[in-house]
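Paired with chain B in one complex and with chain C in the other, chain A is shared by the two complexes that follow.
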Partner chain A sequence: MKSGLTLLQAVLAVVAGGTALFGLVGAAISADAELLLTLAFGFGALTLARFVWRPISFWLDGVAAALIALTLVWALPRGTVMPGHYWFGMVSAWAFAWLFVDQLSAAIRKGTVPRQAMGLLIPAVFGVSLLVMWEIVTRGANVPPVLLPAPSAIGAQLANSAPILWADFVQTFVKSVIPGYIIGCLAGLVVAIAVDRSPFLKAGLLPIGNFMSALPIIGIAPIMVMWFGFDWQSKAAVVVAMTFFPMLVNTVAGLNAASSIERDLMRTYAANYWQTLLKLRLPAAGPFIFNALKINSTLALIGAIVAEFFGTPVVGMGFRISTGVGRLAIDLVWAEIAVAAVAGSAFYGVIALIERGVTFWHPSVRGGRA
Partner chain B sequence: MSVTSINSSTTGTGVALPVVEAEHLGLTFSTNDGDVVALSDVNLTIEKGDFVSFIGPSGCGKTTFLRTIADLEQPTSGTLRINGQTPENARKDRAYGYVFQAPALYPWRTIEKNIALPLEIMGHSAQQQAERIKRTMDLVNLTGFEKKYPWQLSGGMQQRASIARALAFDADLLLMDEPFGALDEIVRDHLNSELLKLWDRTKKTICFVTHSIPEAVYLSTKIVVMSPRPGRVTDVIESNLPRERPLDIRETPEFLAIAARVRDGLRAGHSYEEVM
Partner chain C sequence: MNRVLPILTILVAILAFWYAAAIWMNAPWQNILNGRANLENVPFLEFAQQTWAQDKPVLPAPHQVFSEIWNATMGLEFTSRRSLALHAWITLSATLLGFVLGTGLGVVLAVAIVHNDAADRSLMPWIIASQTIPILAIAPMVVVGLGAIGLTGLVPKALISMYLSFFPVVVGMVKGLRSPEAIQLDLMRTYDANPWQVFWKLRWPAALPMLFASMKVGIAISLIGAVVAELSNAAGGGLGVRLLTGSYNGQTIQIWAALFIAAGLAAVLVAIVGAAERMVNARNGVRA
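The block that comes next holds the complex of A and B.
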């Protein structure tokens, strides 16, 4: 193909350039055209030249996507529905972004673009595209904020209520999630080691752990509030109950991960139980334990937030969400959700990073054969 | 030779016990399909400094016998003495080093840390550990690979590291269960001649399980031929080959004569199977 594109890329290029051209025509016949947006449409339409003149760099597609998206968001009217031809802009920006990312990933595969620096660009473009489309749809179609506020409104709320959000974060994440997570995971680990050592405990404790994990959180949360009071202690207790079982089963499985030949080796050294545990079985269980830690990092946050629905002092992410919905302060709810998502992802990310450092030897981390 | 026999040539230094002494040794595994006789009436004496190979088809109990010496399996009849002790006490005395079919190096430890593993367990000081790691890595020609992880080395180097690990704590008895079975023939020849040199330098007693006739004849001072169902010893061949053995000794008539006798012994074991 003359433009040097795959079929998908060619289709995207036609859609991107074509809708930009339509947007340009729309701007020409409409009464009040935004100058910057019109120029961006013009730039996008010019990329169609790749089919008749010569292939163009994919960076130009990226620039076109950014220009159209930026000028479109800039031109969005307040309080009314946007002009019809703006929709061409949204489709065009989306198609340009896709086209850009597709060519960029192909270039990374071929090695013409450094993986380290540009690898992050792809998820970033994806995330930003999503936000831009969200912004355009909610504001362009004038969606009521109670249904779905625009990202810019959520961002403004984030900035305005930063002290409230921070207090909620401290209450829920620092006071409830972290202690509950640590206690729950440690308890799961210790009980797993005990269960592994004693067949009696295996018969007794494993079913109890199983039973605890089957309890619905909305059932145990009010009970924990009655037991441990309204403050963070009851939330931490819910988190303990939620994180205990995944750690227990994963560690029990992990402690059996060492091969028989590796255990025989320890036996030939006349190693005692604790030496075998510390030098062989716990390291071999590492990948399993980290799986549990990762699963629990997200479970713990969910548990703490939901538990706050059942009685809490007037602070906390779950409290803010439940009262925010009641007061129709939906943008505050969304801001709280954004904080929870960022905190949860960061928590998971930190655990995953530690995992890479600790279980560097496992084939799943070093990417080699067993 | 009986347990109580005294080597009269030693003057005052005490009793020269055989390293391994088995009398009417039997081992029966009970499985869901009934009992399996892995070893039946095995009588064998291994003296200090011997290089003994166990050869036979799979299922003949050669690995089981080695594992019984190492106290990884318990005999169901007869007696077994290691340095005059029960296998359990010998194991607790760290009387032997065991080299498994697979290197079984722990992937989260570097090569030097893997070799340090038995030393850590046996409570050697850090300085002693460093000194022994250096010496044994030298012995198996792995110097320079201390900081590598097992998965960064070839199969042959991994198995050499596992031999170094078995040598590190200076047990007089080395038990090797088909250590080179998974390696190609070129690497295997090389490691065999290195093993012989190592045996000559360290004066250790080595029990070596294999199913290769040339390997057994090349390495051993004594070849134990075994046959299956039930696992038993059919022949014990003393080799009169010199201790110094270049690889091309394998073409000499003496070598071929011993190999022929081993082959005959193995065939005898098989004909028994056909009669059944």
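The block that comes next holds the complex of A and C.
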């Protein structure tokens, strides 16, 4: 093919350039055309030249996507539905972004573009496209903010109510999640090590532990609120119950990970039980333990927030979410969700980083992918 | 027998511990009750039985929970608002719908990821990131939001279940669809197989064991998603609503009964998927 594209890319190129052309026509015949947006449409329409003249660099597709998206968001009207030809801009920007990403990943595969920096660019483009589409659809179609606020409104709310969000974060994350997480994981670890010495107990506890990990343990939240009161203690108790069983099951499995030849080596060193445990079996169980820690990091946050639905003092992420829904302060709710998502991702990320440092010897880490 | 005995022992130990804990936790209230009734020096056995028979105990004894389950399922008409069987069915239907949708979405995404480089690089990080968002925590809000645009009843709950259950399926299926080795793919090339045939005759069968392993995880979290999603809509019914009303009215026995029904549902669903797994694997000649 003259343009040097695959079939999928050619289709995307036609859609991207074609919708930009339609947008240009729409801007020409409508009265209230934004100059910058019209110029961006013109740039996008020019890329159609690749089919008749010569192939163009995929970086130009990326530039076209960014230009159209930026000018479109900038030109979005406030409080009314946007003009019809703006929708061409959204489709065009989306098609350009996809085209760009598809060609970029092909280039990475061929090795013409450095993998390290560009590998991060692709998911970033996807995330930004999603945000831009969200912004355009909510503001362009004038969706009521009660249903779905625009990302910019959520961002503004995030900045405005930072003290409230911070207090909720401290109440839920620092006071409930962290103590519960530490207690639950430590208890699971200690019980697993204790049980590990008795095959009888292991045979009995392991199936029950597996069964318990599949149960909706979150349902004990109302019971814990009754037992431990409204404050953070009950939330921490829910988190303990939720994190205990994944840790127990994974650690028991991990303690069996050391092969018999390695255990025999420890025997030839005349190592006693504790030396074998600390120097061989616990390090060998590392990947399993970290797997449980990662699973538990998301479970813990969920447990604490859901437990707050059953009764809280007047602070906390779950409290803010449930009352925000009641008061129709949906942008505050979304700001709270954003905080929860960032906190959850950061929590997960920190544990993944520690894992890379501690279990550096494991093939899954040495291979460069955690 | 060697496998059952340890489990039975542990279960008996848990039961014994539970009864003991019920005496200990219910004792303060029972002492107050006995004090009001001017009962003094109640013998220990009688006192224990009293703590196991309270109306709103701090910790209900196992037999109270099971008799409540029996009364609320078998003892009532299925259509009664207090029938646990009805509420279990409401939750189960949302779970199953969400599970089917989630598994379908997961398989489609996995196929796209395996066959398209750009999809792999752009989708995979976000699919993983999507699970660090505590969706369960915002599930009630999502249900309210969807209710505002006219989606009520079964669908919003099923969407939450779908969001939770697609993730293990995507991850497992990507692994499974990539599990055929280069030598097997080369063999398909020597047969001049087209991509369609490679998929149905090599990749799909190779991925089936992973699919079932993921589905077992997926159906368990589908149920959790459905229960939590019900917390926002007390009129809609379901096990989550029983938990919520039980907690507002202090009906501990009702909470525990709903909890046990949910646990039983989870166990049955996982067992069904496990049975299907064994059947399919046996037909495909996988050795257990």
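Just so we're on the same page, the second predicted complex is superposed on the first by the 346 of 370 C-alpha atoms of A that agree within 3 Å, B and C clash if a C-alpha of one lies under 4 Å from a C-alpha of the other, contacts with A are read in each partner's own complex, and residues count from 1 in each chain.
The definition used in the following text is that contacts are C-beta pairs under 8 Å (C-beta built on N, C-alpha and C of every residue); 3 or more make two chains touch, one makes a residue touch a chain.
Model, not experiment: these values are computed from the prediction.
S.K.: Determine, under the contact definition given at the top, whether A:167 touches first (chain B), second (chain C), both, or neither.
M.R.: Neither partner.
S.K.: On chain A, which partner touches more residues: chain B or chain C?
M.R.: Touching more residues of chain A than the other partner does is C.
S.K.: For A:101, using the defined touch cut-off, is the partner it touches chain B, chain C, both, or neither? Pick first, second, both or neither.
M.R.: In the superposition, A:101 touches chain C alone.
S.K.: Looking at the overlay, does A:268 come into contact with chain B only (first), chain C only (second), both, or neither?
M.R.: The answer is first: A:268 touches chain B but not chain C.
S.K.: Looking at the overlay, what does A:186 touch: chain B (first), chain C (second), both, or neither?
M.R.: neither
S.K.: Looking at the overlay, does A:280 come into contact with chain B only (first), chain C only (second), both, or neither?
M.R.: It touches chain B, and chain C stays clear.
S.K.: Touching A:259, do we find chain B (first), chain C (second), both, or neither?
M.R.: Touch status of A:259: first partner only.
S.K.: Okay, in this complex, where on chain C does chain A touch?
M.R.: Residues 2-3, 6-11, 58, 116-118, 120-126, 129, 131-134, 136-138, 140-141, 144-145, 148-149, 216, 220, 223-224, 227-228, 231-232, 239, 243-244, 246-247, 250, 252, 255-256, 258-259, 262-263, 266-267, 270.
S.K.: Sort out for me which residues of chain A touch chain C in the complex.
M.R.: Going by the criterion above, the answer is residues 98, 101-102, 104-106, 108-109, 119, 122-123, 125-127, 146-148, 200-205, 207-208, 211, 214-216, 218-223, 225-227, 297-298, 301-302, 305-306, 309-311, 317-318, 321-322, 324-325, 330, 333, 337, 340-341, 344-345, 347-348.
S.K.: Considering only the defined contacts, which chain A positions touch chain B in the complex?
M.R.: 259, 261-262, 264-271, 275, 279-280, 283, 286, 359-363, 366, 368-369
S.K.: If you look only at chain B, which of its residues touch chain A in the complex?
M.R.: Residues 70-72, 91-94, 96-98, 100-102, 104, 106-108, 117-118, 120-122, 149, 151 of chain B touch chain A in their complex.
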